[in-house]
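The structure is given below, and queries will be raised subsequently.
By letter and in written order, the chains are A, B, C, D and E; residue numbering begins at 1 in each of them.
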Amino acid sequence: MQNFIDAYSWINIRYLLQGLWVTVEVSVASIILSYIFGTILGIIRYANIKYVSAIVGFIIDLIRNLPLLLIIFFTYFGLPNLGFKPAIIEAAILAMTVFESMMIAEIVRSGIVAVDSGQMEGALSNGLSYWQGLRIVILPQAMKNMIPALVSQFISLVKDTSLATIIVLPEMMYHAQIIYGQNTNYIIPMFIALAVLYFIVCYALSLLAKYLDKRMSYR
Amino acid sequence: MIHIFATQWPLLLEGLGRTLLCSIIALFFSLIIGSLFAIFEIMPNKIMRVIGNIYVEVFRNIPLLVITMFFFVVIPLYVTKINGFTAGTIGLTIYTSAFIAETVRSGIQSVDPGQMEGAMSNGLTFWQSMRYVVLPQAFKIVIPPLGNQFINLVKNSSVLAFVAGFDLMYQGNMIANNTLQTMPTFFVVGILYLVITMPLSYYMRYLEKKLA
Amino acid sequence: MSMIEFHDVQKYYGDFHALKNINLTVEAGETVVLIGPSGSGKSTLIRTINGLEPIQKGQLIVNGYDLADKKTDPNKIRKNVGMVFQHFNLYANKTVLENIMLAPKIVLKRPDDENREFAMKLLDKVGLANKADSYPRQLSGGQQQRIAIARSLAMKPKCLLFDEPTSALDPEMIDDVLNVMKDIARDSDMTMLVVTHEMGFAREVGDRVIFMADGEILEDDSKETFFDGQPSNERARQFLSKIIVHK
Amino acid sequence: MSMIEFHDVQKYYGDFHALKNINLTVEAGETVVLIGPSGSGKSTLIRTINGLEPIQKGQLIVNGYDLADKKTDPNKIRKNVGMVFQHFNLYANKTVLENIMLAPKIVLKRPDDENREFAMKLLDKVGLANKADSYPRQLSGGQQQRIAIARSLAMKPKCLLFDEPTSALDPEMIDDVLNVMKDIARDSDMTMLVVTHEMGFAREVGDRVIFMADGEILEDDSKETFFDGQPSNERARQFLSKIIVHK
Amino acid sequence: ALSKRDVLQADKESNTITWGVKADTKLFGLMNVKTNQVEGFEIDLAKAMTKEILGKNGKAIFVPVTSQTRVPLLRNGNIDAIMATMTITPDRAKQVDFTRSYFNAGQAILVKKGSPIKSVKDLDKSGSVVLGVTGSNSVENIAKYAPKARVLQLSDYAQALTALKSGQGQALTTDNGILYGMSVENPGYTVVGGSFTKEPYGIAVNKGQDKFRHRLNKALTTLEKNGTYNRILKKWFGNVQGFNYEEMKR
């Protein structure tokens, strides 16, 4: 019990929250970026553009089939060989963005496929071009259907930022490790604190999703 | 790179085998448990719905490592001794089943409700209708997102590395540390993961096309 | 004994009052046709008979069981009361034969041989013995609907409910389905409650015609009164003229 | 100038020969009704006119553009040729007014004021001015179909294609949609090609009736020949008797 | 290109040396959560060596590393040298160059008080499980001294100790300094049998940086001679119960 009281000293909690802040920063940046790139890639993959879609499809498959841990590793240590030396946080955001974009691209593709094909036919026969139909009619509907899958993915993303401890990104998991490095007895209190804090952040995300889902339902 | 594989293949293959074994076991059980909780979530009985909901929300929203560590260090203190491989596999199963429950639930809900009504009015009970009519159709619908979950599962099995499960990532860490050939080692490890996940994702794509 | 008895039944969807004070008795062996504008509660009414929708007030006795009683297991009723839907609702993952054999096998534990034999007899009756191994999606709408009827008959029900069984069909296909239904109606043991706008069917085999609007039963006439004597209710007359005009 | 000209058109879905050697000319201002059993290729035929399905052989000239020519941008044709579908296909994410205003705004760059005014005029014409701000799913099928027609008219097309516009509707709703279509047909400038089994519509405003089966055109008669003189083709006669019998 | 760069020259010009250090290892290199500064024996030693090489105004920069990242970071030039509890082994010497040892750790084992295991030899039977930490070379040593035992490597010391408490193994093995630190926090556990190997920690630099390596060795010698080394040693290990720091003096 004493371990718990000591472990949850204000100094430790503050340090953990500093880590949480980095987790949130990296997550938000990666969510925004991967949402943008993922949508673009998903559309390209769906659209059947000669060669381009096939190549994009292969890259998506390749990257989303690799453990994120390795992608983080390669981003941080491989890129300098190509002359670009990212800072730790840049490497983390970059790696998360690359990986999550591919996951989201797949979600976007299947979301578009799921929209009733009559919607596109309606748009085409109404005189809209394929791309106008996609942008104005199909995508907004696909996005609405995709919300649950997207949110699942974003929840994974938030938790996956912890993998960046491997390159010593000062996020929450790493800070927890530092704290229980001071005293090995703090490990279980720290794991409990991690569970609670991640739960709060991720659950907030899913509540947000439910709210969006309700607001977007046009009825 | 070739050198790494040439000298370290026994460890790497053991790791690959363990990763594969853990994935298959976790896949099997998380599919069953996930489907069960998915059904709970849509049952007419409110208590069951709440139970299903809590399970999914809790285990989906906390990190896999925390769940796994719980089985590795807390359960042995109070319940029974389990090794890292088992603890990792259990953790992975619980974590993945929460995601699968979400996926299957949305799949069940997208099966035409007429199917359930047809079965019920034909005299089948709720559970019989689920088992014989709705679930088989739901699985067809959820194959693409389920495929995503399977691939995630294989990759998430690297959590075994944290509890000495002797999986691919664990062996990779050891080799990297002993040889200090970090980048080449992880490159080989990455390729070995692709050996499992790529065929899986192409198979999923094939199934998706075939069942469309 | 009456097969179906509604006594002052009220049904709500949330705040919406879908069935208003329904009183209706259907005797065993009768064929009753239910008509009315869209949204008037026809589907709701026949779904309550099968326990697919709970009622909030009143008494609803089907085949001797009181559905308003929470302790009644609706499955007991469903074993004897079959239902045929507008969109057929065949099991998409099973072949035609499997569709027909599933419920008797699981619910009645009918032995396989007997089950198959009876299923084939029913398929023959609806004229589709050659489609036993097809999947529903390989069949036309009219064929699917005849299979759905055979599936209901496989449980040897005392009563069959039909919810617009022909309205999703191509015009060409409607005849075949109606003919199967007429055959069943002529079998004097079967009780039938049919929501349909096929007035030809009502004329030929109906015993009574019931007109609903806004959740209420406005007319309950013998076939003769309804078609020859003109319905007494103004809305019913208006409706009747509208559905016949463009045919 | 003819609005639509098929010359020896062949259309395949993979190996399946869906349109067999189609020859057909529709003059500007004509109203043509297309009938035939399910699967005969009616939908396929009118979808090719709009470039929704490519053809594999022959020449298909619509409003002066050759659709068989790969260089023709089908959008050029679609600006002048509207289409109304069985399941309406209204944009689910847009209000009624937005549905009507979208294409004129984006494709024709019609100024907002003018666009809105014209849209409201059309809504008035189809009797739904009060539904401008509803979403499609809040409307009944018949209302949705009338909106879909207004949406097509908003592009001021020279030609309108209808694919079973009333077959997904409740019987009561069919009249309203048919009345709107009759109005349009009476406007002598509009070319209309209508797949429908509503023979009342064909009798009242059709100029010609075309009967298809198995991907071929078997009859192409003036309305008078078709209804009064009896179609010469045996299958067409049979079909006609079947779709009229139970009405 | 990196290997051609003269690190010593570059450091002199910038008046800084960038060290890769541990941030999660008590006594050697541990982040202080209050000040956000790394503290420990290796940190102090690195600071002293920096001043020795660059003069009074020389500045030491510390980059936290883990056992997976330290070598890639060195290779990529993010850090100039690794001082992160890195044992000199022949295999590793093929990839990086080591200085002379700056700390003679020895591997020992920690067990629950009252455990029948009194030394590493008692672990040499099938069924016995020894816990270690990824990145230390404990596996190879255990294979030598207790070949029948199985070693489980966990990702950090706290996890290894917690696993020991949960009964996932009979003993925890790593370098003695760290084990003594744990036994202070956890009175129920004790180090037994003394150290059974020598684990000389060395500073790692990139291959081809001989000038820098020689300079580091020279600085280490100076600090050993002028007593700075012993002062730092005493500061960190003087109070660790059971740890015979006198023996480690230079």
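What we mean here is this: a residue touches a chain if its C-beta (ideal position, glycine included) is under 8 Å from a C-beta of that chain, and two chains touch if they have at least 3 such contacts.
Keep in mind the model is a prediction, meaning the values are calculated, not measured.
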(message) Taking contact as defined at the start, I'd like the list of chains shared as neighbours by subunit A and subunit B.
(response) E
(request) Enter the minimum step count from subunit B to subunit E; a value of 1 means the two chains touch. (result) 1
(request) Between subunit A and subunit E, tell me the centre distance in angstrom, where each centre is the average of that chain's C-alpha atoms. (result) 36
(request) With chain centres taken as the means of their Cα atoms, state the distance from subunit A to subunit C in Å. (result) 51
(message) How many angstrom lie between the centres of subunit B and subunit C, each centre taken as the mean Cα position?
(response) 45
(message) Multi-chain contacts only, two chains or more: what residues does subunit D have there?
(response) none
(request) Could you list which residues of subunit B touch at least two other chains? (result) 69, 73-74, 182-183
(request) Mark out which residues of subunit E touch at least two other chains, giving numbers and ranges. (result) 68, 72, 159, 162
(request) Please list, in label order, each pair of chains that touches. (result) A-B, A-D, A-E, B-C, B-E, C-D
(request) Report the residues of subunit A in contact with subunit E in the complex, numbered from low to high. (result) 11-12, 14-15, 73, 76-77, 80-81, 85, 165-168, 175, 177-188
(message) Show me the residue ranges of subunit B that touch subunit A in the complex, using the header's touch definition.
(response) 57-58, 60-66, 69-70, 73-74, 99, 102, 106, 144-145, 148, 151-152, 155, 158, 169, 182-183, 186, 189-190, 193-194, 197-198, 200-202
(request) Name, in rising order, each residue of subunit D that touches subunit C in their complex. (result) 37-38, 140, 167, 170-175, 178, 197-198, 200-201, 239, 242-243, 245-247
(request) Would you mind writing out the residues of subunit A in touch with subunit B in their complex? (result) 61-62, 64-70, 73-74, 77-78, 103, 106-107, 110, 148-149, 152, 155-156, 159, 162, 173, 188, 191, 194-195, 198-199, 202-203, 206
(request) Using the touch rule from the top, collect the residues of subunit A that touch subunit D in their complex. (result) 116, 118-119, 121-129, 132, 136-137, 140-141, 144, 218-219
